[in-house]
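What follows is a single structure, written as structure tokens, with notes after it.
As written, the chain order gives the labels A, B and C, with residue 1 at the start of each chain.
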Amino acid sequence: MSVILELTKVTKRFGGLVAVNAVDLRIETGSISSVIGPNGAGKTTIFNTITGIYKPEEGDIRFDGQTIVGMRPDRITAQGMCRTFQNIRLFHNMTVLENILVGAHTRTPSTAWGAVLRTRHFKQAEEEARQEAQRLLLYVGLPRGLGDQLARNLPYGQQRRVEIARALASKPKLILLDEPTAGMNPQETESATRLFRKLRDDLGITVVLIEHDMKVVMGISERISVIDYGQKIAEGTPAEVRKDQRVIEAYLGRHAESTTISMH
Amino acid sequence: MHLRRVNPFKEILRPLGQLLIFIAGSAVVISAITLLLAVLLRPTRIDIDILQTTLVLLPQVLIDGITLGFMYAIIAMGYTMVYGVLEFINFAHGEFVMFGAFAGVELLIWLNAQGMLKTAELGLALVWITLAVLLGMVVAGSLAVTTERLAYRPLRGAPRLVPLIAAIGVSFLLQDTMRFLQSAINGDFYRTFPEFGPFAQRLTLFTVDMNGRPIDVAIQYKAIMLIAFGVVMLVALNYLVNATRLGKAIRSVAQDQKTAALMGIDVNRIIALTFLIGGALGGAAGVLWAFRFTRVDPYMGFIPGLKAFTAAVLGGIGSIVGAMLGGMVLGLLESFSAAYFSIFSRGAFGAEYKDIFAFGILILVLIFRPQGLLGGKTTQKA
Amino acid sequence: MSAQATSTNRFLQIFSGPFGALLALLYAVGVTYVLTLDPRSLLGRLLLFSALALIYFIPQRPAVKFLLGAMLVLMVVPAIGLRNPFLLEIGFQVAVFATLALGLNVVVGFAGLLDLGYIAFFAVGAYLWAFFGSQQIWHVDEPPGTFTVYATFPFAAWWFWLFIPLGILAAAGMGIILGFPVLRLRGDYLAIVTLGFGEVIRVLANNLDKPINLTNGPQGITPIQRPPLPEFLTSPELLATLSRWAGRPINANDVYGFFFYFLGLLILGFTIIIARRLDRSKLGRSWTAIREDDVAAVAMGVPLRRTKLTAFAIGAAFSGAMGVLYAANRTFVSPETFSLTASISILVMVILGGLGSIPGVVMGAAVVTLLNIDILQSLSLQLSSLRQGPDLIPLLGIPWKELPTQLDPARYQRFFFGLLLILMMIFRPEGMVPAERARLELHEEEGEAIPDAELEGDLAPDEKLAD
């Protein structure tokens, strides 16, 4: 199996605080993996470091065999990696369709000159982008008429789906989903989980999740990495991780009453 | 936030020490650079000896720079305190300065018309000046509180640019309001600080011998007064913020409004008080500014306001100590550039470029060290 | 069109359907009639403006509205302008400032970057033609005030046409040069730095009369050439016909009034089309995206710095073109025109009209320009004529004569701008004609964001997050 994303000894510090400490991570092409850990363990910081929002102090990050440390976030997206955010960051005052079109930024060949002159090329590119956006809207399970709604007016579950459609619009090889089922009810969670699997099975996109819902994690992941205090404390298949003593300590030791892990 | 016992003497001596270090430090550095330039440029001029000219001017330039620095530092307090509490650039602060200046000057003009300023010797003159400064503080402070209540409070929580735009509006509105008041009452919109007392006299500190020419190094009573007022004001503010209950409340609101409110602090009241203190300091600075430059007009607050903001950013906005340092550095830089720019460039560039100099510094600081000279790590360790 | 949202207003419903169109036409005709009765009346000009605004708001098909508007702008105004050239002058100034406001709108309204020194780009265009289109080139070595007057100009007047694109390029270049270092700053710092930049440009214009005389300092540069008029426009037959229509002698100078009015409208028209097309393109979406949430925008592949720079450059380009035109129209430029007040007045236009809203911004520009050069001036004139007479001020009982000239309303622009800004921010931050998108946005709280300096991988993300 080839490796699409590889982190070697990645360290990210904020002043004196080490948020991510020498983390190694290997994501195989076409896999579904999860990164789990207690709140504040540094999972989102890892995502931010991978996507270029933060620059790591040490270590190397390779995407598709090429190092992406120090590359601008928008360039990394253009390379074929995209993400969603923990606290949904849609462009609230843009329509759903426009949100998805922004996601397609790196894949839309239209230029400012073309826009001013209304060239045939421009119209064609815009029309194709629109159709593609409309298609993605349906693909993530949203009704057709939703495209012209302002993103802010959508219910929470639908906003999550728009965010995924927006990420898909950049035609990623790898998608990073940051707590994609947070705040969903069980039915929504279940259909969202089906969608994640579809991304891999139909589109061949490698999927990495940060997730708190253990049912989702255990059900979908092929590999799980466990982060605590910025360090990777365990890794393996769901079955292996479930039995790992350090993982149980990390969760139960400190968060006994706040986190319920249903390890069935 | 942990409680600590406050030693009043320490709280007075510490800012004094800091001020002294800042003044001495920046004066030495800037003088050294200037002298170095003078030495380097000496061979380019045969008509005059640049080094000698530089040396002769130096004491006066330093004194001018330090008095200017105090005024910038005092005005900068208003920006930095409000920014610390609200993360908001109070664009209209320069206009509080202007209102304070007019209040003080009007009082003195009135006293003068009553004939009370004619006989004044130093002691009495001091009393009048102090009265004028106090009146300036009252007027500017009340204006600041009113502005906060009417224009800024309704916008709290709006996106960042909204209160900033409103503040620009307040600035413009206040300028023309004063212009209208002055024009309606006096028929013209600028006023002059009445001359009184022995402030123009000079106190000779020492005499240096330069190539057989004796040169007096003297300081005007006026400059001594300005510096004295500046020291009192900055030390008092430091004491207020660091050693009183009110100061503690202000600091906790600056740290985290929500938590402060949960601890039973009336956040609205503290914000209003912050504006009151900042505005009052601005008003005092306005009267001192008028004292120093004699003319007041409705637009006088704008440029000093902008420069004081530069000073606040230079020192690290939100930090009171930083504003003192920033004010000093900027005051000295400005006085040096005004004095030497023209000499060093053979008259090609005059003192008019001192504003460009100040803005240039602002841009450079924001780009390369947006947390300011004392911002970031340093203050955290301290 | 966003007018639809406002047109739910019951009053405007009267103007729906064919009957409504007729009603609007009648109103326009009525306004024209008032203007023909007294071409100089302020009331007539205000009615004219109200008719244009009404036409924009009424619930009619765009084609109908366009026709009605074009009738007023392209026929009525020039016709009345024959008898009162001031109307054309106002029209020209509205076109100039509407273009500037549209440029600033790209920066502030679309991309969300508050630029307080925007007038600097206008100055770049104006001084560019002022320098090359006058005899200033031959004066660079002379100290100010000792000018020899030459018979010819270094560049012939037709070069004006070439300097419009050059002005666009120069201003856009300036936008990029300024933008490059400062665009990584957070919003409020950016505002202060751009303000400083605007002041720097003005100070330079004031002082670059030495060591070499580039700008002629505070006196300004004059005379600046106007573009040559085509021969048929200045032919004696045409002038005679026009004079007959106008009932007063029309000379070549009057023809220039028409020329600049139409040229201004043409450039404004282009600007509107360009701004509109950009707003609805990939670039426009990117601007909105970085304004809404810059972290999410870069994560979606929008290059932050380049997108901001484009906004700066395009906004600057609009005002560069107008600067060249303005210099030619006035035949004189001086630093006074490019004050902070001017920058803020353009900001007032944008905010009054509606951030991000193209029709709003044009309307805002019209209102502010009318206020500036017409309403306040007219009030001042009224006052000074009262001052001539023996009457007393009502209530106060003082004779008008004793009212200080310092109280002329025309001197209190800043007062009105300030008041407008405060009131708009408190009560209607989305403006008179809100942009479709921004309607809700300005009342909302901003989401928390990762500090800006962290955004780009090429910045050193050191101690920022620690505090």
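Keep in mind that, in the parts below, a residue touches a chain if its C-beta (ideal position, glycine included) is under 8 Å from a C-beta of that chain, and two chains touch if they have at least 3 such contacts.
These figures come from a predicted structure and were not determined experimentally.
Peer 1: Pick one for the touching-chains graph, please: line, ring, star, complete, other.
Peer 2: line
Peer 1: Report back the single chain whose CA centre is most distant from the CA centre of chain A.
Peer 2: Ranked by distance of C-alpha centres from chain A, the top chain is B.
Peer 1: From the Cα centroids, identify the chain that ends up most central relative to all protein Cα atoms.
Peer 2: Answer for the innermost chain: C.
Peer 1: Averaging over Cα atoms per chain, report the distance between chain B and chain C in Å.
Peer 2: Here chain B and chain C have centroids separated by 36 Å.
Peer 1: Find the geometric centre of each of chain A and chain C from their Cα atoms only, then give the gap between the two centres in Å, rounded to an integer.
Peer 2: Centre separation, chain A to chain C: 45 Å.
Peer 1: If you average the CA atoms of chain A and of chain B, how far apart do the two points sit, in angstrom?
Peer 2: Roughly 51 Å separates the two chain centres.
Peer 1: Can you list the chain A residues in contact with two or more other chains?
Peer 2: Touching at least two other chains: 15.
Peer 1: Touching at least two other chains at once: which residues of chain C meet that condition?
Peer 2: Residues 441, 444, 463, 466-467.
Peer 1: Would you please write down the residue numbers of chain B that are in contact with two or more other chains?
Peer 2: 377, 380
Peer 1: Quick check: in the complex, which residue numbers of chain C touch chain A?
Peer 2: Chain C residues touching chain A: 274, 277-278, 280-286, 288-289, 292-293, 295-304, 310, 314, 437-438, 440-441, 444, 447, 450, 454-461, 463-467.
Peer 1: Write out the stretch or stretches of chain B touching chain C in their complex.
Peer 2: Residues 88-89, 151, 154-155, 157-166, 168-177, 179-180, 183-184, 187-189, 302, 306, 309, 313, 347-350, 352-353, 355-356, 359-360, 362-363, 366-367, 370-371, 376-377, 380.
Peer 1: Quick one: which bits of chain A touch chain C in the complex? Just the residue numbers, please.
Peer 2: Its residues touching chain C are 14-17, 48, 51-55, 70-75, 77-78, 82-83, 85, 87, 89-94, 98, 101-103, 105-106, 108, 110, 112, 114-116, 118, 122, 126, 129, 150, 152, 166-167, 170.
Peer 1: Of all residues in chain C, which touch chain B in the complex?
Peer 2: 112, 114, 116, 181-182, 184-189, 191-193, 195-197, 199-200, 203-204, 206-207, 210-211, 340-341, 344, 347, 351, 404, 406-407, 411-415, 417-422, 425-426, 429, 441-446, 453, 463, 466-467
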